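Shared between the two complexes below is chain A, which has chain B as its partner in the first and chain C in the second.
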Partner chain A sequence: MLCVARREFVDAIAGKWFLLCSLTFALLALAISFVSLSTAGSHAFAGFSKTTAGLLNLVMLVVPLMALTSGSASIAAERERGTLLYLLAQPISRVELLLGKYLGLSGALICSICVGFAISAIVLAWHAGSAGAGSYALLVANTIVLALAMLSTAFLVSVLARRASIASGISIFLWLTLVFLSDLGLMAGTILFKLRVQEVFALAIVNPMQAFKMGVIHAMNDSLDVLGPVGAYATHTLGNALPLILAGVLVIWIALPLLLASLCFARRSTL
Partner chain B sequence: MRRDLPIILLLAWLLAPSWAAGGPVQDLIDRARPGETVIVPAGHHREHLKIDKPITLDGHDAATIDGGGEGIVIEITAPDVTIRNLRITGSGSTVSGEPCAIRALAGPVVIEHNTIDDCLFGIDLRESPGAIVRDNTIIGKDLEEARRGDAIRLWWCHESTVERNRVRRARDLVFWYSEGLTIRENRVEDSRYGLHFMYSHHTVLSRNDLRRNAVGIYLMYSNDITLEHNTMIANRGASGYGIGLKDCDNIIVRDNAMLANRVGIYIDNSPSSVDATGLLEGNTIADNGTGILATPNTHDNVFTHNALIENEEQAAAHGRGTLHLNSFSRDGVGNFWSDYPAFDGDNDGIGDLPYEPRSLFHSLLSAEPNLRIFLHSPAQQAIEFTARVVPELRPEPVLVDPAPLVDPPAMPEGPRDGRRAPMLALGSALILVAGGLGGVLTHGQIRTPTYRRDAQ
Partner chain C sequence: MIEARSITKRFGRTTAVDGISFCHERGAIALWGSNGAGKTTLIRCLLGILRCGGSARICGIDVRRRGRLARALVGYVPQELAFHDDARLGRAIAFFASLRRVSHEDAARALALVSLNGHETKRVRDLSGGMKQRLALAIAMLGDPPVIVLDEPTSNLDSEGRHEVVHTLRSLKQQGKTILFASHRPDEIISLADRVLVLERGRIVRDTTPIGLWPHERAVKTIRLHLVGTPEPEAARILLREGFAVHCNGSGLCVAVPRDRKASPISVLARHEIEVRDLEVLEEVDTSEASS
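The block that comes next holds the complex of A and B.
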């Protein structure tokens, strides 16, 4: 299994797509750090500063895109090229193969996330001192969890799709849905149906992006009151359980799609 | 009958302190002549005191008066009483009768350098004009906010001074029907309303420091008040404000710092009289959820020389509406807005285009506050982008600053920490993680051809 992971990791790191993504991510993180430093702010009175808010937005856009596109190509592309048959001829089980690939790609993703954040951390340290290093570390950790969740979802797509192009099409659509469409739809629903706070909250955290965002904000502020009535409601009624619930959502988004992918992959015929 | 006598005596001895004054400290007070200083012997005195003549009670920082969890610990019924250097603890905790550490029913009195803890109300002055309350430390009972009492309450105490007190975990510092007060350099933390004015006019509040309360300073129905050089940080109650002004005329808010509050300053129908005004000048309003929040009927406030920096929402009307009944510049000088794309062709420090914030997402927020849960998400950006692309969707600006400043007025230096080590360490650690992971996962790959071991 580790061999598969290794091979997958090396392939991914060597691939152009990953290089492009990591570079984009690092550059954007860098840009955000510079821009937020150049505005008059940067006195970190709040645990949640403008820099973290900007990085949060960037992470929610780029990281899921990286995870979804790279993950969806993994199995589907091998199947299309016919190399999947060769891999399955090796004396490892199908689930081992799948998990090995997952592990390898996770490693590659974590690497590129760490590099991106590290560059902007060094820039921030140079220009603004170290206020908020703890929050920054929390943001990195949360980002990795989000990446794993999205990768897991992508694997499910990859196992189910017949062709690589279909898999990446579906994953792009998924990205669009999770990042924009579901939130916009929920906003419209909130306005049209006058949803109550508990309904808005329950519907919002189903989306791993929102769970991730709330998790980061809660970790930094120890409260979601910046998010208005819904956030205040969640903070007050759920109390200490809130971070656990938010983390739980992300863990489910890691475990469930991966489990389903394993099951489908184990059952399905080779092609 | 004889058999019961010891028991009765024992009971009488046990109950005596709560019946009537009569402990050793009260004896000293009773024997003192007016004008004398009574030195409380060092140690712990479980007593309730009544002071009915002008004396000074001095604990020399070594004496504790302990009410034992009942009633009012020290009650003053004569003017010209001074209480200093005492620790006072253990008032009652039920709200009925408002048990407190010190209650004065006459004035003036001086309460200074005392430490008060485990008392429901702290210092309660009723009709004690000219009082001086300074350098006291007051820590409230460990109760939920709704059941706590006020740390300091002045009721009809004109020309009093409250300064350099430190208060934690109380309800309010509240001033009722008191005029011409001097309130300065107090520090209030983790309470409900840091400084609360009710029907109290003609006062200057300066250099107070209010942190993590529900509301920093709340003025209600109080006129002709100046707030200067106060600091409000992280006052984030469910309806939390750095400063709240409700139906107050002729308020001057100058050179204060409102940082990281839920709302920096909230203006509810102030000024309320037709010919009254309000002035907000030179304040730093930064990192709040909303910088300036005002009810749409609020009018005739002048905002000039303020710095609004990185507030999630710089200014908003409470509910639907705008702030157009107020002016955001005076004599051609407006305010600094950190989200203003500065354009200053003639280099006079004043932007050439007016500042007109019109965020579609924020206007949706004022219609449906629950949407705030979607703050800081790409969907919010998508909405703003749509509004920029489709001008028909752009809402009316919530305010117009005709002369925005290009650079912020001199700002107070934040508690910035100059060390770089932790952040640098974090950066290097991240690189190490990336490198390590890469190393571990590629190591085997380079040495051994793929799947060789498996294939055998």
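The block that comes next holds the complex of A and C.
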């Protein structure tokens, strides 16, 4: 399993798509850092805290896209190229192959995310000191968890799709749904069905992006009041359990799709 | 060494392999039959790559229950050689060596066995068809497995490449390896096989020897027939019924014929009002070279 992970890691790092995504993420993170610093004026407050808020939206757009597109091509592309057959003829089980590929891509994804954040952090620390570095570190940690959750989902898509192009199409549709459509749907549903605040909260955290966003905002402010009545409800009703619930949602988004992908891949009667 | 019991594989309504059973201990066994006869599917079932009905054992190990262990005892050369094209040859074999828990020294030795040493820095996409085939053979030999399974091992090679591969396989057979291979080439069957399973529509229709396939002829030629209009599978079925060894691959019907009766399949087809547009004479095989 580890040799599959190692090869997957090296191939991903050397791939042009990953390089492009990493560069884009690093450049955008850097740009947000500079914008945060320039709007802070003489107040050193800006630094990490303001940049963390700015980066939150960037992460929600770019990182899931990186994870979904790279993960969805993983098994489906091997199947299409014919290399999957050759790999499965070796002394390795299907589950080991899947987990090895997941580990390798996870490593590459984490490296890519960390490089972007590290460049931004160096610039921020240079100009504004280390105030608010804690919330920035929490953003990095949450981002990694979000990336792993999206990668698991992508692997499930990759196992189920017959072609790499179909897997990529589904993953981009998923990204659109999670980033844009689910918010719109939730808003429409709230108005149409006159949902209660606890129902809106429950539906919102089903989306891993929302769970991630709430987790980061809670880590920065110790409450979700800035999100309005739903946030206030969650903060005051769930109290200290809120960050655990949000983290739990993301962990479920890592474990469940990966488990389903492993089961489907292991039980598949064809390639 | 290789044991198959009632292997059955269906794809939807199509039965690709229909209750195949056989047992083979030592030497080389060939799977002979047209495209769609079930050779490749049977091989994939035997290796545990495809889930199927029945059971398969390699060296006594149940492939379904302990597939990883069973596959460690098998070197496999697929029909379509699919490597990561961007990888360099050295890295490609090192990856498979680590999968099979074989040292880098042994991997280098396997490369040298197929005369690919010195090419380690070449990218796989830059290798010729023959070199890729030799790379696949080197990978199959990693860890010195007792069983080698090959699916149309020379289908993409020129005459010289074919001879090299057959020569390597003969020496592996002499070393005591059990070899199972699918082929549609009489020369390979005669040079290598001790036993031939003739497959048709997913079933074994004959369990014989190379001599058994061409009993009365000393020399056999392979000819390729190009037909007018009629689907090749239909013509292949007619020739099979008449006792010819036939293989159709979409670019003509390959038929093994006695050297002095090359026109006989044409007259058989003419009787069924099937017109032959062109005829190519491929290679001649001396059946006296046959293993048994």
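The definition used in the following text is that the second predicted complex is superposed on the first by the 259 of 271 C-alpha atoms of A that agree within 3 Å, B and C clash if a C-alpha of one lies under 4 Å from a C-alpha of the other, contacts with A are read in each partner's own complex, and residues count from 1 in each chain.
Basically, a residue touches a chain if its C-beta (ideal position, glycine included) is under 8 Å from a C-beta of that chain, and two chains touch if they have at least 3 such contacts.
Bear in mind that the values here come from a model prediction, so they are computed numbers and not experimental data.
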Touched partner set for A:Val206, first chain B, second chain C, both or neither: neither
First, second, both or neither for A:Ala241, with chain B first and chain C second: neither
Touching partner for A:Gly82 - first (chain B), second (chain C), both, neither: second
First, second, both or neither for A:Arg7, with chain B first and chain C second: both
Touching partner for A:Ala255 - first (chain B), second (chain C), both, neither: neither
Partner chain(s) touched by A:Leu27 [first = chain B, second = chain C, both, neither]: neither
Chain A: partner with more touched residues, chain B or chain C: B
Touched partner set for A:Pro91, first chain B, second chain C, both or neither: both
Partner chain in contact with A:Leu61 - chain B first, chain C second, else both or neither: first
Common interface residues of chain A - those touching chain B in one complex and chain C in the other: 3, 6-7, 90-92
Residues of chain C defined as touching chain A within the complex: 11, 44, 47, 49-52, 67-69, 71-72, 74, 76, 78, 80, 82-84, 86, 95-96, 98-101
For the chain B and chain A complex, residues of the former touching the latter: 233-234, 236, 238, 259-260, 262, 286-287, 289, 307, 309-310, 312, 336, 338, 364-365, 367-379, 381-383, 408, 411, 413-428, 430-431, 433-434, 437-438, 441-442, 444-445, 450-451, 453-455
Residues on chain A engaged by chain B in the complex (per definition of touch): 2-3, 5-7, 9-10, 13, 39-46, 49-50, 53, 56-57, 60-61, 90-92, 104, 107, 110-112, 114-115, 117-119, 121-122, 124-126, 128-131, 133, 136-137, 140, 179-180, 183-184, 186-187, 190-191, 195, 197, 200-201, 204, 209-210, 213, 217, 223, 225-232
In the complex with chain C, residue positions of chain A that touch it: 3-4, 6-7, 11, 14, 81-83, 85-93, 96, 267-271
